[in-house]
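Worksheet: the structure to be examined is printed underneath.
Labels for the chains are A, B, C and D, by order of writing; each one numbers its residues from 1.
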Amino acid sequence: MKRIGILTGGGDCPGLNAVIRGVVKGAVIQRGWEVIGIEDGFDGLLDRGKCRLLTLDDVRGILPRGGTILGSTNRGNPFSFPIEKDGKTVFIDISDQVVGTLKELGVEALVVVGGDGSLKIAQELIRKGVPIVAVPKTIDNDLMETDVTFGYNTALETATDALDKLHSTAESHHRVMILEVMGRYAGWIALESGIAGGADVILIPEIPFEIKRICRAVDDRRRRGRRFSIIVAAEGAFPRGGERVVRKKAEAAHQIERLGGIGEYVAREIGTCLDMDTRVTVLGHLQRGGSPTTFDRCLGSRFGIKALELIEKGAFGQMVCLKGRDIRSAPIEKAVRKLKLVNPGGDMVRAAEELGIMLGR
Amino acid sequence: MKRIGILTGGGDCPGLNAVIRGVVKGAVIQRGWEVIGIEDGFDGLLDRGKCRLLTLDDVRGILPRGGTILGSTNRGNPFSFPIEKDGKTVFIDISDQVVGTLKELGVEALVVVGGDGSLKIAQELIRKGVPIVAVPKTIDNDLMETDVTFGYNTALETATDALDKLHSTAESHHRVMILEVMGRYAGWIALESGIAGGADVILIPEIPFEIKRICRAVDDRRRRGRRFSIIVAAEGAFPRGGERVVRKKAEAAHQIERLGGIGEYVAREIGTCLDMDTRVTVLGHLQRGGSPTTFDRCLGSRFGIKALELIEKGAFGQMVCLKGRDIRSAPIEKAVRKLKLVNPGGDMVRAAEELGIMLGR
Amino acid sequence: MKRIGILTGGGDCPGLNAVIRGVVKGAVIQRGWEVIGIEDGFDGLLDRGKCRLLTLDDVRGILPRGGTILGSTNRGNPFSFPIEKDGKTVFIDISDQVVGTLKELGVEALVVVGGDGSLKIAQELIRKGVPIVAVPKTIDNDLMETDVTFGYNTALETATDALDKLHSTAESHHRVMILEVMGRYAGWIALESGIAGGADVILIPEIPFEIKRICRAVDDRRRRGRRFSIIVAAEGAFPRGGERVVRKKAEAAHQIERLGGIGEYVAREIGTCLDMDTRVTVLGHLQRGGSPTTFDRCLGSRFGIKALELIEKGAFGQMVCLKGRDIRSAPIEKAVRKLKLVNPGGDMVRAAEELGIMLGR
Amino acid sequence: MKRIGILTGGGDCPGLNAVIRGVVKGAVIQRGWEVIGIEDGFDGLLDRGKCRLLTLDDVRGILPRGGTILGSTNRGNPFSFPIEKDGKTVFIDISDQVVGTLKELGVEALVVVGGDGSLKIAQELIRKGVPIVAVPKTIDNDLMETDVTFGYNTALETATDALDKLHSTAESHHRVMILEVMGRYAGWIALESGIAGGADVILIPEIPFEIKRICRAVDDRRRRGRRFSIIVAAEGAFPRGGERVVRKKAEAAHQIERLGGIGEYVAREIGTCLDMDTRVTVLGHLQRGGSPTTFDRCLGSRFGIKALELIEKGAFGQMVCLKGRDIRSAPIEKAVRKLKLVNPGGDMVRAAEELGIMLGR
């Protein structure tokens, strides 16, 4: 009998439960394997009490539910784990403990469901000999080597639903409504929900914007008798200036903090130059919740099954992915090398601009 | 031939279009009357260009749409209208102009769809001889003399949907999620969506809360192994202290400003006393938008028809209302005398507390 | 320590889980009582294996879920229970067994959540000395003594959502779309969803229709350039003729069978007299499913808590109910004496007709 | 100034309005072209009164709306158009009239939005010299040369939502619930919604089923204590037997008629061999309606813009399509040569079977 493990790392994402269910059903029913569920991401491997056998009963009824039944708080990278020492936080390598726990549990292969951060940890563990296959997870859809990741489709529905709701209020009250959505480095959510929600302005990190152009676009609409405007801004969008396009976490966080939230920044600037009533809505965590869409449930399920097939083949170090309509696999290292960003010259940006949407350039 | 007018005042509310459609259909098809739609609330009566004949074509397809096709920005109370004079804002009485416009238009009766503010203006106009019937409108459901108002049911769905979404994230990440919903004076939305969304703590303006009790409730859950908590707070909720229960707009606004937003206030306090991860989501305008629920569409339609019946009877000064399952009417002056607040000793509060929900007292 | 029982009888209804959760939470947390959950309605009292202690864990997370965790198949009335004897079905009284099981279980009070049928059984058990309080349950909203029952609001959303969807197809293809909804004796769902969904014709059991009037209404629309029509029909609606208005189950069932489904009947007749393309959609069980709306979750929760209060007071034979905004109680016998039907002269029917909707009379 | 035409043919599909809006916005704003909207598919080219200039006002607010503002009834193939002659229907070629109308209107290029049928007509018109570019439209997602078509994603949501609703009723009542969804030749909707909705059995046209295997699967579940089962059947699914896999319209229609509806057929058979309570729900037209999902609105918009780019390039005879994340084009003739069917050996079917879903083989 074979025994495998599964953990989910990083932020919440609709479809995680579909992956877990897929792995458990495919392992137990078809292969007669056992599945150990590891709670709270890699943290769970530091505490045997957080590792438990997952049965078919455990995964019953979880398909329509958001979140993850395993929890996904990975506070610490086991290669640089924060501990308190003499009143200070120091970082130590406790990866041997992680490897040890897996051995003790008799786990012969580990399925890591995670984003950029979790996959990089997975890579280092692979170098230490842990047999890992990966399932990509990012609500922002910014991972390379896969057309799309689960959770993204559900997040789009939440964002577009918000835009539909803001439309009626904007129309009735002649306001500029600004919706801030997720996307620290990649503007996919802002761009796709903005096109679908009939936004007038879309701001994404890949295209630093000129605030004057935005004000002018809003003003033009007003002059044409359209007394409201809808702006969608990815949280990582920023004004053109001395800044370079950010690619690193620290820089983006700094940028966002400096502006006090991109939504508020844009509202202030428009309020200053146009004397129009503005309102900001920050969608935040609502985008990570909710029952997954059909697409996300199905994709998560297929990813889970494919992970088992990779284990059977011994294809460790591989990540499952979607190419067109098919599930395939790709090396984890290729997936984490860089982020999948919106192409400012690609057809989706071009479509947005041809629809009359201002992207701030 | 009879000619009537209709205007919608104050904040956006799902179901407004159902009222307008009901009035137009009932007037045109059944009675052969003409309906003048007045844009932007009472403001529209200062500008003949904002008054136009509403036809059956104008109201086609608007039933499922949020917002109001008439716009609802009433910037100014015509009895105390702000104008710029010598660089300062002064307030003058321009109500004669409003009365004059109605006469010029040949409007024999006016339907005012509005909340507290608009209904008080309506009362004063009635005293000046304008034949008005009212349709109550408040998303907070805080108007007396009617069991419920349209828009409230839709807002509840938006709030509960947000709670359902936050639940999955809270569970996966072991966090305290705080949802700030509408309700400056009345906590109906927080209370009813909180019960429906499985909240652990509900804060409403009618029950000033003790922050220590809330922290203890969250901590108790953590000790029982429930590592997350969900808090719903009405925007007008406030901590017990020297403050009296606020009843006036200015006081509530002051209170809210002082705390920097009730959601943020509670998050700070919990962060301080419990060292738990907290996240605040402010629903804001999303609660005013969206396609109205069946209940709100039907109630709005019935209100519109009832308004016509009141006009036929010459029952000016009356407001349509819902009592049990029936549409009735009541004097506007009784409706605006005080707000319909949550009864801290009533069965809904009692039910919440018996379900184990902490209300902060 | 007190021990109570709870069972859910009859058809599925969104909000049942809210009642169960309310009863368990209010009993366990506030009162220290035990709650025995009885599976599959009264059937569960014939089989000790179907009676189990409900804990707080059992009711965790069930609030947003449709259906009932207790099952609700009551095949047999214990006062006239079907058994096979000599190849034939005979009906015997096994109510003593039911009473016996309750005694053995030490159940001191029983909460019966059910509709017309279950409540009548409850009444007979009360006569045999069983201390019962009732919670009304009918998706059709046809129980007397309560303004509304949970599940009805959710069913309305399903029906109106279907109408919104059919509208787009009807408009694009110039068709007569017929939606058959629930309502064997009472037309509430058809009437309220029909008003909200912008139906052109609504057929309810309370108003026997003349098919010619319907054809004429559809034809009139066509002549006015509106090339589609939407018809909502309650399953128990029937054409005017020799028939009396049915009030009894058997008659309604006969009626429905005779017509081969009211939707198909109307489609055939319109196809015959107008030569227009028609399509029938039978919503069926979809109306009983889905996550309950805020209103239904909250009402179910309040009903559950109120049932406990009735038990505390010893108010057996009473049923919880909603009057206006308040939870009250009323004698079960008054609730089951007759059905709460749509008043053909009431304001909701009048509103429908004034909106230009044809009711077939 | 350039003038182009656009028509939508065949069945309704959420996202059609997004295409129309994209074409009009991209043509008018960016290129200064005029767009003639042709009503009711190719039929509109037989009647000048059905051809009208589309302005930006015409496409305002249509993005969230299902259906098509142009209507899509194409009753007749202009190359074989049905007319009444001597009391009989004969078919004549009136394609010259179609070509003539386009010339009269000064239409320099035509955008045909349609499925298999409309695209074949488009091909024949291209042979007659009409400059056409195509936008693929099929709710069944069975067109070759594109990963996916708009409308399909929305239909999936409707189908999965129905499955979620049926689940609660099935669980509460211990029933076999059968959902019949669209898909005459291709089982994509059944397969993908079935995986997402947690179906136990999925029947698709590509895999003729053995009814005995289905009964055994349902019975196995019952023996394992799972007293309900959910079956999703594509309308074109059929039992294994003498029949070949159907590929032609007439054969499928014959098959469906012979069985009296696949849902009813399966219900009868299960009722016969298992003595279980079964219920059939036919989703029908509900799948074609509703507000399009984000994905469908965005895909439709991008398709519309791409069609304009093809016209600019003179790439007539081409159809826009989606490949991975990119919008591309392919020859219409390749798209209509055969249908894109589910691969019985592909990863989606394999995933379904590994999840424990019975596909009847």
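The rule is simple: a contact is a pair of C-beta atoms (placed from the backbone, for glycine too) under 8 Å apart; a residue touches a chain by one contact, two chains touch by 3 or more.
Everything numeric in this text was worked out from a predicted model, so none of it was measured.
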Which chains are in contact with both chain A and chain D?
none
If you check the contacts of chain C and chain D, which chains show up for both?
none
At the largest C-alpha centroid distance from chain C we find chain A
Using CA atom averages as chain centres, what separation in Å is found between chain A and chain C?
42
When the C-alpha atoms of chain B and chain C are each averaged to a single point, how far apart are the two points in Å?
31
I'd like to verify one number: the distance from the centre of chain A to the centre of chain B, where each centre is the average of its C-alpha atoms, in whole angstrom.
35
Spell out, as numbers or ranges, the residues of chain A touching 2 or more other chains.
164
Got a list of which chains touch which?
A-B, A-D, B-C, C-D
For the complex, give me every residue of chain D touching chain C.
11-12, 14, 16, 65-68, 71-73, 158, 161-162, 164-169, 171-174, 177, 279, 281-282, 284-286, 288-290
What does chain D use to touch chain A in their complex?
21-22, 25-26, 29-30, 61, 63-64, 147-148, 153, 156-157, 159-160, 164, 192-193, 195-198, 291, 293-295, 297-298, 301-302, 305-306, 308, 323-327, 346-348, 350-351, 354-356
